[in-house]
Amino acid sequence: MMDKQQTQEFIAKRVAQELQDGNVVNLGIGLPTLVANFVPADKSVDFQSENGFIGLGPVPADGNEDWNIVNAGGSCVTILPGGVFFDSATSFGIIRGGHVDITVLGALQVAENGDIANYMIPGKMVPGMGGAMDLLSGAKKVIVAMEHTAKGNPKLLKKCNLPLTAVKAVDLIITEMGVIEVTPEGFVLVERNPEYTVEQIQEATEATLHVSPKLKEMAV
Amino acid sequence: MDKRITLKEAVDMIKDGSVIMVGGFLACGTPDKLIDALVSKGVKDLTLICNDTGTPERGVGKLVATKQFKTIYATHIGTNKETGRQMMAGETEVHLIPQGTMAEQIRAAGYGLGGFLTATGVGTEVEKGKQVLEVDGKTYLLEKPLKADFALIYADVADTKGNLKYRGSTRNFNPVMAAAADVTIVEARKVVPVGEIDANDVVVPGAFVNYIVEEK
Amino acid sequence: MMDKQQTQEFIAKRVAQELQDGNVVNLGIGLPTLVANFVPADKSVDFQSENGFIGLGPVPADGNEDWNIVNAGGSCVTILPGGVFFDSATSFGIIRGGHVDITVLGALQVAENGDIANYMIPGKMVPGMGGAMDLLSGAKKVIVAMEHTAKGNPKLLKKCNLPLTAVKAVDLIITEMGVIEVTPEGFVLVERNPEYTVEQIQEATEATLHVSPKLKEMAV
Amino acid sequence: MDKRITLKEAVDMIKDGSVIMVGGFLACGTPDKLIDALVSKGVKDLTLICNDTGTPERGVGKLVATKQFKTIYATHIGTNKETGRQMMAGETEVHLIPQGTMAEQIRAAGYGLGGFLTATGVGTEVEKGKQVLEVDGKTYLLEKPLKADFALIYADVADTKGNLKYRGSTRNFNPVMAAAADVTIVEARKVVPVGEIDANDVVVPGAFVNYIVEEK
């Protein structure tokens, strides 16, 4: 069994395999941020920060912080050569206009039709959707990267019961249990973590999991 | 035409009940001196249009702490628990807007558009109360312009005509807000004479700017 | 009697008196372009060129042309210190958003409700409206600068019969005969060229000219 | 990722019937080498989206002279009598659009908006066939996005990732077109290595650009 950090890194490593050479990618806060650490060496990927740049680089060394360069979480970062700064209207033009190839986000719930809920729990303090709704409706490919369940409770559902962040938006779900494509027929399990049987993954999933005839083992 | 004024002259214009839009993203690119002066002035019942409400100690969060806002339009308030508390307690009216939609609403106001169609928010709570249009088989929300009495924005360098340049991610909402208010006041880290900024490198044309306060 | 050139200069000089310190002004091609030559020395006025800049300067001396800096008519011009280049979306954002204080254009016809026709004569080759419709709907103040009649035929009408460029858009009309405000009550003559009587000006105008109780003589 | 290709590789992509948008304003800021190569290739039945049609000898006017367009969307064709002749003779379908509306339509396509509301053209021939909406007491036309198969644009300097800079009034429609086509090809006066353009001074992000042809 992997611990929490191992689980998150396992998922992030598998997400990183989805990135193609030349892609512009936006990573959500939390687990998705880890994906940047695992980009294959032979691929050139540009990360977008929705607060205003492409070319997001590593966190600066202590003492080298420039507080004029922060990421969408407000942390000090750097910009790589070939990067570009822009304003928020341009940033979301890039996002909404389909110029972001992949966005990676977490979720509270995903439904088998691709609906996603990830910003609001009624009765709890609502932090706001930030750029999530625009990313979900605009990015060419939406990957949800998250733990398969919330303390054993399924997050992959027939239908979301939390307020939606976007309708029919999710293309691919990557968890510690497997890789699931969202298709017109519903969830299709295309890769399985060998640590789990198909039955175990189905048990942790409320909606029906169609098993791909080409089911592979996850390798990270 | 030299657009420089003092910090005091700037805040003197802002009255109880004014609608202000403030640049910055988690307090990066926020006009801090103008915020501090508004805190000192104690002007109240303001309406805020801003990406977020900073933190309790930084950016517009300081004005949240002093309860100077009646209404807030933001995309995310998660970094300032006091905003959430005021919202839950019904002390402040908070409207949450998708970030790209807010940027575009502000641009629409400044650029003279009556609104725009976006797929962002279709089928979500954001759709409530809005006109839904189908165009060429796709469903969109009609989003309206968002304007203010005052835009309080930041710039790295301004010339005395108000042509502005930015550094790093301080840009964010500042350029769109510049055009979207009746009166735009820039807090500039540095003010240079006209002609010192290359006409090819200006980010915000001085035509959008009414006044400049120099950070000192 | 003024000849054609004198008439145009007379009108342009009078238009120049309308420009205020700090104004951003867009001048149409032809007669309106002359206005730039008569800006009062004590006023700082910025001219906008809708193809992409503010700070339009004089025509360069022979041999000093930079073909990367042309005006909306395609002629080589210069940019003044403090000027700024931008793209067409920004340029028309400036125009549509009311950041141009004054636009000065010619017209084929102006109606007493402010309707204007200036881009199209049915049956003739249609050159296109270019930026005229945006300028008319967006500029804070619209000044029509033109000769009062077309070879004796009135151009200030009860109603335009040519296809409109914009509806209820004109604020002020300046001709060689006088200065006419467009008000909810119709045309109001506020200044008269002393060379013409009010009756002569009315005769050259199809719509009713209300004479301002404060009627002044034009002085340029 | 080096986006440079040869002029031949660029025009090879453009086929009979393609929809192209071309930057430039009266041939200032037009990708001349790409135009010349299209003339040589003789590709036909193209649809053009461009501010104007240049002159018979300059800019896209060369492609008008060789009758390579089936349809033209422009704001002004008065500087090229041949376009007017083809229009009157019914040889070419010409759609005239207000300049600000065209710029915004192209931006809407590139920035993922379903359309926008503008007062430009209300009560004129431009209104014909369009949805008229009243919002908060004001009347607007709903204008839809304008997109293309190929954007052929110009830049003064490009880095190999496609980040672009401009000089003078060559900018015009180039930046908005960059985002609005399936494939964007830049003709750059000069190409520099990545990192040579200051990230604060880039006008068009390389994310919009697919290919670069260097002027030689």
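Here the chain labels run A, B, C and D in written order, and each chain numbers its own residues starting at 1.
Following the convention adopted for this analysis, contacts are C-beta pairs under 8 Å (C-beta built on N, C-alpha and C of every residue); 3 or more make two chains touch, one makes a residue touch a chain.
Since the structure is predicted, the reported quantities are computational estimates derived from the model, not experimental observations.
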What are the mutual neighbours of chain C and chain D in this structure? B
Relative to chain A, chain with the most remote C-alpha centre: C
Where the CA atoms of chain A average out and where those of chain B average out, how many Å apart are those spots? 29
Could you put a whole-Å number on the gap between the CA centroids of chain A and chain C? 55
Could you please state the distance in Å, as a whole number, between where the Cα atoms of chain B are centred and where those of chain D are centred? 32
Once you find the CA centre of chain A and the CA centre of chain D, what distance in Å lies between them? 35
What parts of chain D, by residue number, touch at least two of the other chains? 104, 107, 112-113, 118-119, 166-168, 200
So chain A residues touching two or more other chains come to 53, 79, 85-86, 92-93, 95-96, 138
Let me know each pair of chains that touch one another. A-B, A-D, B-C, B-D, C-D
Can you tell me which positions in chain D touch chain A when the two form their complex? 1, 107, 109-113, 159, 161, 163, 179, 194-195, 199-200, 202, 205-208
Mind listing the chain C positions that touch chain B in their complex? 21-22, 24, 44, 46, 48, 53-55, 79, 81-86, 90, 92-100, 138
Residues of chain D touching chain C in their complex? 25-29, 51-52, 74-79, 81, 84, 87-88, 96, 98-104, 106-107, 118-126, 156, 166-176, 203
Show which residues of chain B lie in contact with chain D when the two form their complex. 104, 108, 112-119, 133, 135-136, 138, 140, 142, 144, 165-168, 200-201
Residue numbers of chain A touching chain B in their complex, please. 49-53, 66-74, 79, 85-89, 91-93, 95-96, 115, 120, 125-134, 137-138, 163-167
